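Shared between the two complexes below is subunit A, which has subunit B as its partner in the first and subunit C in the second.
For the complex of A and B:
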């Protein structure tokens, strides 16, 4: 009975639906095995092959495990874990002995579908997961529908209804379940595959690569007016070490405290809330010179903000920044670090620096270098030529075409060669306001690299050499910097008003989704309850409320169910008989109140020869159930099902006439 | 089937239905064009009730009674009621036997299974009530001795609706003793032609073979009382009773005996139909025969609408 292809095919499809979003992250050998197992399962289900013997199943398990070890290097971790569950679910189809086996596969599907949230918590994924859960539930209906009388559509309808009925419980759990500060369980390190975003090293092309991505890096809600575009420098990381090829971090020891002198005047403080998309790294982004930040994050001497763990979920944090604060964080080892350059390469650049410095002070030197960029024929472009071993020399004297990372690294190099401490900062610059909800969207395409220069009395001062080459980039954003439009994401390059409007609305929804669903943490929970007038909510009160709410919800459902039961089997019969009569009444053949079922049938037969066979069956069941002493449960089910499926489609009058 | 095993109830039901069907067919050969009346008459018999046929002379009342008696294999007595008929003529009389020096009871015609009481309204009320009491009690008390009537016991009384001088039409209160009242009516054109062309009906009756005997009929009657009646059907019957009692159309409404009559007739009809349980349709089919002679209309309103008490009730009481 279980090995019915009408039942197992949908299960096979179900596993594929569950795993569909996961496939893009699976290595090719695993995908190949998935394809082979699918084909094999189809052959078995369609009866062309018999179920494999136990020894073959054992071999298959061994193949799966070794394939995973070869592909992933381990069977532990999120990637190999989900792959293993998926492959084993497929292989479970090869040993279907009882209904239970099939149900186990479906339950596995419920578990696996949740793993989609490891990668993204987009609303789309939630919708997809919801749809697949409805499908999976309909599979369970197949296995409990002993009479096999429901078709695909009615099964989906029933399971949809069930999921909908479960929604209140889901919401109660979502709102009231105590949130634990920090991740509930630690995900293995590989939980996050490489993600788009700024990395902790910069080489020519590393920022450039991000420009074509329209993906949102983070969204910012300002409490007051946002600062002007040229001040929107979202600091991510400070890169101090240059090895001639790439810039990497060389942070001060974590004990070193930042040394920032803030203004006394507090009027210029910018308050804002950042909703950061998961980027798989531990640093956070903020405007320059943060003052207020959540104590659970860590600030380094370079004024970088770090979380304890990699950011694998959307996180929301409140920040305050003071654009005019002075960052004095420099002491001797740092000075040395920020002057260091690789030896023996880029000699021409070093010579140029000495020329440009030519006895002037540091401020004059900076101006001269920026003038140099401005006056010589430098181009700001998304497709710079490749650079050789002496990258800085090649760039400054040969190609002169580069993107922000080229200018930033060349500038820092010149500064250091001229004896001025300097470092590269990577992050984002700019952002667009979503007019729908009035928050700022910062996309990957806003990625940027700039520099900070140490001046004795002014501390670390931001200098953006890109601004010398392409001031439009800094003042108006990447889309107006005269770059190759084809390489920019369509959201930036498009002029289609409707398209933009839709995108903004969608983004606004996405933002709310992040705020209230994905980012619904302990703080949000407290916020929600304090809005409702309940202060000082703690885990134990939440649990009490949770229990009460669940009991009330469950009690209501129980009451409803018991009341339906208490109506007794006869009235249930009657209820469905009325349903049957109502269906006919819609076709213009209602039962008269004093009309017995047999008389009614006679009338139906006369008018609707098309449906009379089914009507006859229903009425004979009804008579047996209501007037006979049959209390057969199966008969009752048959009756109910028949009535539910009974349809009087538009009565074709010609047809009626023909049939007479 | 072993001697000691009683056949399962459903088998009795099936056999009964088959026999009754045969009986109805046999009677139908004699009484042409009246299948509903035959069906109802058999229902009445199976329900252990008595039947009143009210109609014009010459429409076949006696023939019907005869045919039923013949098919049922019951011993048949006909009592012609006249104005000078005395109760003793019906019930029997004790005569002094000089040889044995004792009174000896000579049973009257009522001591038989099947009685045709012809033109019952011509007898005096005294004689009528003697018959009616015997019908009701299934026993006769003559000069202090109570004597049981044979089983089964079935009376078909006929009454001439034309009010002639010297007739005593049964009062409504007495009509209640009859389970059903039927009208035969004229045969339709086709049936009449066949009747005219065919041989004498009385002769034909002699030739039909009995389908049942008194033993089998008793079994059938017993089985009919065991037929399943659901709560839903009880509700319907009670709704009818309540309605008849509450309606301004009727003087008194149906008596509890009327309700029982309705239930028993419906049961018997369900058995004839071969059904294991009673449907509201069975009630509706017998309601005219069972109810119309029990209810007294308060006005002519129904008559003007060409309705009877029964049709009014069955079209007013919703089936619960």
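For the complex of A and C:
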């Protein structure tokens, strides 16, 4: 029934349109199979190959499943599930026997397109999905336009129109549909999700790599004035273990709560909301030092903030920080951990530490080391030379060129060698205000590494050795640190005013999108209604409102759909003449299809003398309008009035018969 | 078991494609004289099985969106839900507001298919696509009705006895634009088809006719002997046109025959040596057809009714009509 290539090719194209954004995340074997299946489908649709036999289809299914298991390790989960659905819809094209198969493929398309949202919910994805939905709907039109009289363009027009008409309903539902919090069933951690931004390991080059990316890490809306640039330390992770090559997280974190003390003066507390882009990891960023956070997250003793799941979506959270809060906590095991160094390597560094310490106290020692960085020939650069097995020795005595991870690493190493507990902190430093909406953008290029040193009476104190080498980096941001501009993202290096303006406007739009679309949950719903003056909205009121709004909107849509043209039916004279005939028809005296007005009148007069005068008048008006001057408005009005007033008393059929 | 059967029949939906399901619908069906506009309360709508699958798909999407807290998932779900809603209206609108008129129907012989035509008039400036007609669950034709235009839909009814055949109610329906919903109406227009008696098997011999003595020697009424050509006159049988002469001269000539067989034939009820009214009518129908084909002048004699001898298409029709309606 459906072996028409004019119908099946668009379906094939439709599947590809649906899957296009997914391809970049699929393993190569799956992509290869997609290519093979496409080619095969084209050959079948164009009639060069016949539909495969049952046994081949079974084999194909087996190939698909085993391929998925080989490339993903499982057929469950988002990645393999999506690929499976995609491959199945391709193979469905092989056995198209009826309209049903094609429509099922289109439905699979509606479902598959949603899997794009697992990866990103950016505005462009929304636009793309919207467009593809229009296309998929036009495929449904192909199969209901049974004579095939619509061309591609008119199908798209019709489906576009319907989707547009559906948009108000979508908005109403989106705003008013009660949101249920949390997952209904446990979510498997998706191993395929993209990881971006700072990782939980730091080795030479790991921060450096991020600098050329202008991608947004998170955006921050401060409730009051933002702190000055040199105080903008966005804490991510604390790395306290060094194996001579890379810094890693503590593998046995303490379950104890942090020991933070802060001045209880409200003026010092900075309140802000972070809108974090998905980064595929579970930690969150906060301004140092956090003192208040959302209870659904977990805070560690090192003042790291964690979510229960990996962050694969934009999330919004409120934070409170105090720049001067003090983190006192240091247990003995922690002290030991933060003094540990790999043995037998970097001996020169250790010797240097002993020299610099030279009997002074811890604070003096820190100053001496920073002085050392400042006064010796150290350079802050994006292209540091490679380091050997004794990485610290190489850096401190040979290359002396490094990026923040080199300085942080070397500084902590020196501290520990000098007997001072110290650790590396990774996160972001700085941020640019978007002048359009006055929020702060923190990009990947703001990635940074700094250190913390434990002092007996002051707790963990932040020391940023990069500031000793390149104070501009900390005070004015990465773009002013004298680095190679060509390696920085264009948004930072560009001087083009128009370009920047467009970028900022776009970013501002993106930020609002994240706030009001992507992050629209129960809380936002409440916030929206309280802004509109409705406090304490709950699910049942929402449903009531939803029903009301849907009815109103549905009514409007119905009116639009059922609208007649402005002047009513095209031929008003005809319309009212029919009305007249129908009134008579109720009395058993309908006009026969072959009867002209004259013959009809003759029959009326003969059979039904009671109404003949009025009927005669109406019919003569009708004849005048029809065969005389049709533009005579007065006559038309008279005609219409007469027809409307015309009444037939229900007449006895026997009477009519008698008269006949 | 009791349960299985009861549940099965409980869940089996009434088949609205074959007959109207509810009584109130049956009341509105007609038959209607003249024109009928398919107004609001005459067009019904239900989701098709694809519509139901679509609904299930929406539920799955909604569940997924809730579970993964994907706002855009919600949006897609709601957009598709809105689409379903719009499509419902659009399918309904594709049928509602059409004006129907009964079309003509050519008489047929009993046993043949009577073909009825229904004229659809679109009063709107939009084309109405893919409107189909069916009767007793059998689909006959699909048309598009042009904007402000007309289209014809035909359906067939098998005839089995002579007389006037009512077209009966039929179903107009459309699944346009998406196949998710089907909008339909049941309607009956006053359409009748004249059904002639089924002609008897070709007569072996002429035993039922009275042969006129042939007082008046018609030129051209005989069959046996070719006498020449004359100009074509309306009513001459096409079988006797001299096509060669036509080809030569460009004018139409009729061959003339003379003598031999009877020139005037009476087809008589009384003369038929068979029993049963229907059998006789059937035989007479056969004789009328044969006489007409043979180019004879023929007349019809039935109890209490007589049709004077004549010849030609309309005469033949008159005779057959009398036979069709005899006794009704």
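Rule of thumb we're sticking to: the second predicted complex is superposed on the first by the 528 of 660 C-alpha atoms of A that agree within 3 Å, B and C clash if a C-alpha of one lies under 4 Å from a C-alpha of the other, contacts with A are read in each partner's own complex, and residues count from 1 in each chain.
The definition used in the following text is that contacts are C-beta pairs under 8 Å (C-beta built on N, C-alpha and C of every residue); 3 or more make two chains touch, one makes a residue touch a chain.
This one's a predicted model, so the numbers in the text were calculated from it and none came from an experiment.
Asks: If we overlay the two complexes on their shared chain A, which of subunit B and subunit C does A:598 touch? Say first, second, both or neither.
Replies: First partner only.
Asks: Check whether A:497 is in contact with subunit B, with subunit C, with both or with neither, and answer first, second, both or neither.
Replies: Neither subunit B nor subunit C is touched by A:497.
Asks: In the superposed arrangement, does subunit B or subunit C reach more residues of subunit A?
Replies: Touching more of subunit A: C.
Asks: So in the superposed three-chain picture, is A:169 touching just subunit B, just subunit C, both, or none of them (first/second/both/neither)?
Replies: Touch status of A:169: second partner only.
Asks: For A:629, select first, second, both or neither according to whether it touches subunit B, subunit C, the two together, or no partner.
Replies: It touches subunit B, and subunit C stays clear.
Asks: Return the residues of subunit A at which the contacts from subunit B and from subunit C coincide.
Replies: On subunit A, the overlap between the subunit B and subunit C contacts is residues 570, 593.
Asks: What residues on subunit A touch subunit B, complex-wise?
Replies: 570, 574, 593-599, 623-624, 626-629
Asks: Which bits of subunit C are touching subunit A when the two form their complex?
Replies: Going through subunit C, the ones touching subunit A are 32-35, 37, 50, 53-54, 57, 60-61, 63-76, 78-83, 85-87, 89-90, 92-93, 96, 101-102, 123-125, 129-130, 132, 142-144, 148, 175-180.
Asks: For a test of understanding, state which residues of subunit A touch subunit C in their complex under the given definition.
Replies: 99-100, 103-104, 107, 110-111, 113-114, 117-118, 121, 125-126, 129-130, 133, 137, 140-141, 143-147, 149-150, 158-159, 162-163, 165-170, 173-174, 177, 179-180, 182-185, 187, 313, 517-521, 554, 557-558, 561-562, 564-565, 569-570, 578, 581-582, 585, 590-593
Asks: Could you pull out which subunit B residues touch subunit A in their complex?
Replies: Its residues touching subunit A are 228, 230-233, 276-281, 284, 314-319.
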